[in-house]
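Residue numbering begins at 1 within each chain, and the chains themselves are lettered A, B, C and D in the order written.
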Amino acid sequence: MSDYILDMRNISKSFAGVRALKDVSFRCQPGRVYAVVGENGAGKSTLMKILAGAYRADAGEIFYKGQRRDNVSAGEVIDSGISIIYQELALVKQMSVAENIFLGREPRHAFGILNLQELYERSGALLKRLGIRLDLRLPVSELTIAQQQLVEIAKALSQNADLIVMDEPSAILAGSELDQLFEIISNLVSQGVTIIYISHRLEEVFRIADVVTVLKDGELVDTRPIDQLDRPTLVELMVGRPMEEIFPRTDHHQGDLVLVAENISTDTILDGVSLEVHAGEILGIAGMVGSGRTELARALFGADPLTGGSIKLVDKRSAKWKNPAQAIESGLVLVPEDRKSHGLFTDLTVRINVTITILSRLTRFGVVQRDEESEVVDEAKQRLSIVMASADQEAQYLSGGNQQKVVLAKWLETDPDVVILDEPTRGVDVGAKFEIYKLMRQLNDRGIAIVMISSELPEIIGMSDRILVMRDGKIAGEVPVEGAREADIIQLAILGQSEALPA
Amino acid sequence: MNRILRMTLILVLLLTASALSYGQDDESGGLDFEFTEEQIEASPYLQSVLSRLDEVYDTSDFAKDGPYRIAFAAQGTSNAWSALMDAHAYWYVEELGEDVVSELLYGDAQASADIQVPQVEDLLAQEPDALILVPMGAAALSAPVERAMMQGVPVILCASAVETNNFVTEVGTNLWVVGASLAQYVVDQLGGEGNVLIMTGIPGVTTSDIMEEGADAVFAANPGINILDKQPGFWSPADAKGIMETWLVQHGDDIDAIWSGGAQMSQGIISAYLDAGMDIPPIGGGEWQNGFLRLALDHEIQYLAWQYPNAMITLCIDAALQVLAGEPIPRFIDFVGKIDNSDPFTDVEGADYFRPDWSDDVHGPITMPDEKLAELGFLVEE
Amino acid sequence: MNLSSALFGDMTKSRALFLRRYGPVFAVYGFVILLFVIGITQSERFFTERNLANVVRQAAFLGIVALGQMLVILTAGIDLSVGSLVKVSILVSAIVMNGESDNMFIAIVATLALGVVVGLIHGFLINELRIAPFIVTLASLVILRGIGLSISSSPVGKASREFIMFYVQKIGPAPIIAVMFGVLLVLTALLLRYTVFGKYLFAIGGNTEVAHLSGVPVKKVRYGVYVICSLTASLTGLLWLSRMGVGDPAIGDGIELQAITAVIIGGTSLFGGRASVLGTLGGVLLLGVTANLLVMLGVNQFIQGLVQGLVIVAAVAIYKQEGD
Amino acid sequence: MSVAKTVESSSIADSWRIRKLVVDYGVYMALALLLTAAAFLTPKLFQVDTIAIVMRQASQLGIVAIGQTMILLVAGLDLSVGGVIVMTSVAVAEVSNGRDEMVLPAILIALGLGVIVGLGNGILVTKRRVPPFVATLGMLVLVQGATQAYTRGVPGGFVPEMLGMVNQSWGFLSIPLVLWLGLNAAFIFILRRTAYGRKVYAVGSNIEAARLSGISVDAIRISVYIFGACFAVISGVVLTGYVGYVDRFIGTGLELDSIAAAVVGGTAFVGGRGGLLGTIAGVLIIQILSTMAVLMGLDVEVQFIIKGLVILGAVTLYSVARVES
């Protein structure tokens, strides 16, 4: 019929009265890489979940390999040769690497008895093909995030997939991990596999995609071959307005010393980290996933206990803290990496979400003062331009971007001196990214110090006033901002030394 | 030779004496009740009890020399009645002395058949000379009892029966007659005409079910009696009170009398009446339980109380010793008449039974000395 | 340069991992051994063939339900209805058997069929109506108790002669029921380790969403596991009938709580995804030997309850559970 | 085109609104339905005396259910309340020994013991991460064992007559009812309007987010278990006065009934959702059903079956309504 392996026509879908997709068509030819881009809430994930059989479309048709399919189960989708690597990694943490790779399609003898020999042989072969060494019997919970992602890819390969969907695979990878991923992708494509690649990172899109589809507010904006696009055009398609500058630069000066950490260690991974943070600056912290960046953030915040060293704030509110409550009290906050699961109370109202950190300020004899509370929420709404029906709306009914803003608002309400942002733009679309960067600069202007942890090197280089690179739970070195190159940072992050890479 | 002759003579004398004494007890003890043929025919329980009253068990196979190790599978410390039974057991064994009973092996069933069945197995593994069992389920404990007998351990049932007939003897009372007597009391109070409510114990528990059977039989035989309602009160004063409150709203002054399967429930019933400020009709059902008596005395309640003395355990221990001595023993031993003050009584004699120095939960009659009660903390300082 | 070693470091975690995984199991067995030592030194009748036979036979009664319960808990579910189902099974099997050998087969089939039906109903409510297993089985506990009472509130029916004899039969020194439990124990271990179904139980308990997206037939597996759990309850009902000879509704209340306690003491996580057959056996033995010893040692009757409570609390508090 | 779009989207929104209506008000509708049925089946239910009785009995369950609801809100569970109630009953009788002037000290001592039990539950759940089901089950066995060891089977002392005042009614008002409503009013206010209440919901909704928001998560969870035990003590005092006598069956089954009441009232089993208003309705449904059963002379087995079906029915309604929301 056609040479399209996948043809999704006029797909529509709503949740709880909220439209997620309207009349979206999308199709792929074999052996090419299709990028799907769009802001948060544009409908990318919904579209893919419909493809995966996890959701049912309200309207529209799906043809796969020329055949129409309705209401197929997740298992049938996989059997037909479609594999999906989700943003939230789809692995069962308690199960072993090999068991995860073949979950749902275990090699078996009669009577549902596992063929363990084949299981281990085949999964071993797959990992070898990907060029990685892993103990096949190790539970996935013992792996790093990057390793888990590779297990996911092995899982997709094991399914003999003709079509692999990767939902923001790069969000959790950095530097060389990403290179490895791209290598694997081009390898697969050359074998005739179709890749659908969902990402926020435009550099990656331009690096690997053949065709780009842009979604916005649940509707299809355009589908174009990559060679008919350039960055500004793509950004304009996604955001709906032109964007001149991604990283807002302002002149600023480094203020007084506010936070000093000396030689801190934890029983997680941190091993003698020292750093200083000044008022009004952004301290960027780069490093591989698993290098101890998130652990550093948690330790600074008092979320994990220190086994050595000390942390103190230098100004008037100077105090020691042993837990997040005391840290917040002292003027230091952490905006966690995984905002949805570590930041938002989805069941509760926006009002409660925004004011939960400052209850002591809003209460008299423990009773919340409604008027003052409403003022705070209104102000936050204005400042961060949060779009919501009312302050008593449950947070789960907000769009993704607005949920992020609610979480940010919650932390900023505490009037902190130091803000630690762990992956501030992870999973955030271009438009919202820009807003977050602007906000960070505004905070700087108010004299607030920011510690920014990021896997996105352009972001690190574009936003930081100083850059520290971590490796194996230690500070591997500092990279001067002026003229910083991504290669320098990767070099430090992998090898722990700042010599030039051998050519 | 002379010695053997003398021993035989003594044994014969003893046997005759004991046989005679049981014959006397049969006439004086127990509630007087005339059964109809149909009633006996309809009740396997009655058939069993009546036949066993006359049956004598030849225990010669169990005869052995003391001192004895006796296993006691008790209901446990789960309520005051059974806790006092345990106290009596320990006291009585102490009284008998170590050369009679060297060890009392104890199992606490926490009032549950699920726990008691394996517990009996554990007790039997210790190879006791005899097993005294307060069964928590008539059928559940049947097989363990049979296995004990197979193993050569004589079983004395205490307070309740099991389904099997393969045991040595049972100490207790005719529960059918108890239920029937309480019903007869109600009928007599009403002159054969009136509206009656029935509150039973826990459905499924033998004691409760058999009493209910007896009551049903008597009420059925009196066409003037109208049963307004019947609900289980789970032997709980709280449940009983809750149900009685609702009944009072529903039937109010129509209620002429109440049949109750236990003193705790009677307390709940009385309490509901007191709250409602209504006159309390005659209650067929109460026990020598100090809390109930206090309430009944204070409010001049008319009642018939039956008795189920925890002190019957002393009879069970006596029976075990008798079995181990190889003496023949009747297969059903009614405690009434063998334990002082264990006859049924009404409000007329109630004041004589009440003991101000006992805590509410104490069930009489107590055969232990007061010092023992005080030592265990069951006495109240006024 | 060796990129992957830079990325992944070395793999020397396995010893710590081993300890983390099996530490609790060791602790439970340590406890059990301690009780054995106390038993052997303090009572000459504890370490006799007879008493040990008792201990293992009693372990079988709790253990069989605990195995079913463990599988359900492994999927992050729970089954509170097993006690009531044991009760109903006893009554049904006793009534159908009615003392006749000829009826034995049909009675066994009918009782097990009852288990299948109850399990299917649980599966339906949990799968199709998406009600939390706790609530489903709580409701079913109440309903089955009502059904049990309406079948009969007094002892009813009768086991056949052979069926009663089954309880005391032995294979070598071991009671046949204990052997049966041992076989089920091994089968369950094999099921978890070597079958697809077993792996799916882990997958569903570990992450239902992931399992679903990976093509695991989540609903079917759930139906299966609730049926198995109900079957263990029906089977236990049959064993009780063999133990008692007559159907007695007095049996069954609270078995679920004991089984769940044993499973948790054995290191299975109530949050799902982790289970240990060996641990469950340890939990069953710990509870069983404690009860046995209380009788054997003639512990003061007033503190028996206290001792049991302390053992349970200490056993569950001994290690931290994963997840939150 | 634009008209069609509005129509379509509004019909979707309608079904969503209906579902939300069911989740938010379903239990009240069910209560109304039950009362309508009662008007035909058991009109006696609507007499002042009956209402007074129903309310007094509902209060016993209702007070326990307040604590149970709060514990469910933090994704917990408390099976130990039955044990705490018996312990209270024993403590009141032993300490006061029938003397009215000792009622207050006796209650305070019982509350102190309750705090210890609640603390034990909380510590097991938070510091040792024992699942609430098992932790509170273990505590139940422990509390029962301790009570038995202390009383040696026979609780000494008497229940003071003063406690009998819980049995008085003025119209349909009674002390237990006032206590129940008062505690509800107080805790509805606390849960909705105070920092503490916010934190309870936050912990139940997302424990990790709550921890990072600077909430002392463990302290909140422990406090809720302590409240739970204290409510059990209060209910125990009311029950003791109600019965006028120490009984070991007192409070049996209240743990499961209170969980059922909360869940029927819409409090989610996973925490963070629901509240006390729904629980009040849940308690009333359960109590009215059992009173109706007695009024209608239903067999106890039928009562069991109806109770189970009501729990299932209510929860099915919620789960169907909450799908995809």
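Here, contacts are C-beta pairs under 8 Å (C-beta built on N, C-alpha and C of every residue); 3 or more make two chains touch, one makes a residue touch a chain.
All values reported here derive from a predicted model rather than from experimental measurement.
K.L.:
Over the chains that touch one another, what is the least number of steps taking chain A to chain B?
P.N.:
When the steps are counted carefully, the minimum from chain A to chain B is 2.
K.L.:
Average the CA atoms of each chain to get its centre, and name the chain whose centre is farthest from that of chain B.
P.N.:
A
K.L.:
Between chain A and chain C, tell me the centre distance in angstrom, where each centre is the average of that chain's C-alpha atoms.
P.N.:
42
K.L.:
What whole-number Å value describes the gap between the mean CA coordinates of chain B and chain C?
P.N.:
Distance between chain centres: 36 Å.
K.L.:
Please work out the Cα centroid separation of chain C and chain D, and write it as a whole number of Å.
P.N.:
A distance of 30 Å separates the two centres.
K.L.:
Determine the centre-to-centre distance between chain A and chain D, using the mean Cα coordinates as centres, and give it in whole Å.
P.N.:
Centre separation, chain A to chain D: 42 Å.
K.L.:
At least two other chains touched by the same residue of chain B: list those residues.
P.N.:
Residues 77, 86, 203 of chain B touch two or more partner chains.
K.L.:
Specify, in ascending order, the residues of chain A that touch 2 or more different other chains.
P.N.:
none
K.L.:
Multi-chain contacts only, two chains or more: what residues does chain D have there?
P.N.:
Residues 148, 152-153, 208, 300.
K.L.:
Touching pairs of chains, all of them, please.
P.N.:
Every pair of chains meeting the touch criterion: A-C, A-D, B-C, B-D, C-D.
K.L.:
Give every residue of chain C touching chain D within the complex, in rising order.
P.N.:
Checking each residue of chain C against chain D gives 78, 125, 129-132, 134-136, 138-143, 145-150, 257, 260-261, 264, 269-271, 302-310, 312-313, 316-317, 320-324.
K.L.:
Show me the residue ranges of chain D that touch chain B in the complex, using the header's touch definition.
P.N.:
Within the complex, chain D touches chain B at residues 44, 47, 49-50, 53, 56-57, 93, 97, 148, 151-159, 167-169, 239, 242-252, 290-291, 294-295, 297, 300.
K.L.:
Which residues of chain D touch chain C in the complex?
P.N.:
Its residues touching chain C are 120, 124, 128-131, 133-135, 137-139, 141-146, 148-149, 152-153, 207-208, 256, 259-260, 263, 269-270, 299-305, 307-309, 311-312, 315-316, 319-320, 323.
K.L.:
Can you list the residues on chain B that touch chain D in the complex?
P.N.:
Going by the criterion above, the answer is residues 77-80, 82-84, 86-87, 203, 229-232, 234-239, 241-243, 245-250, 264, 267-268, 271, 274-276, 291, 295, 359-362, 376-381.
K.L.:
Help me check something: in the complex, which residues belonging to chain A touch chain C?
P.N.:
Residues 52, 54, 73-79, 84, 86, 90-95, 99, 103-106, 108, 111-114, 116, 131-135, 138-139, 142, 144, 146-147, 155, 176-177, 180, 288, 494-495.
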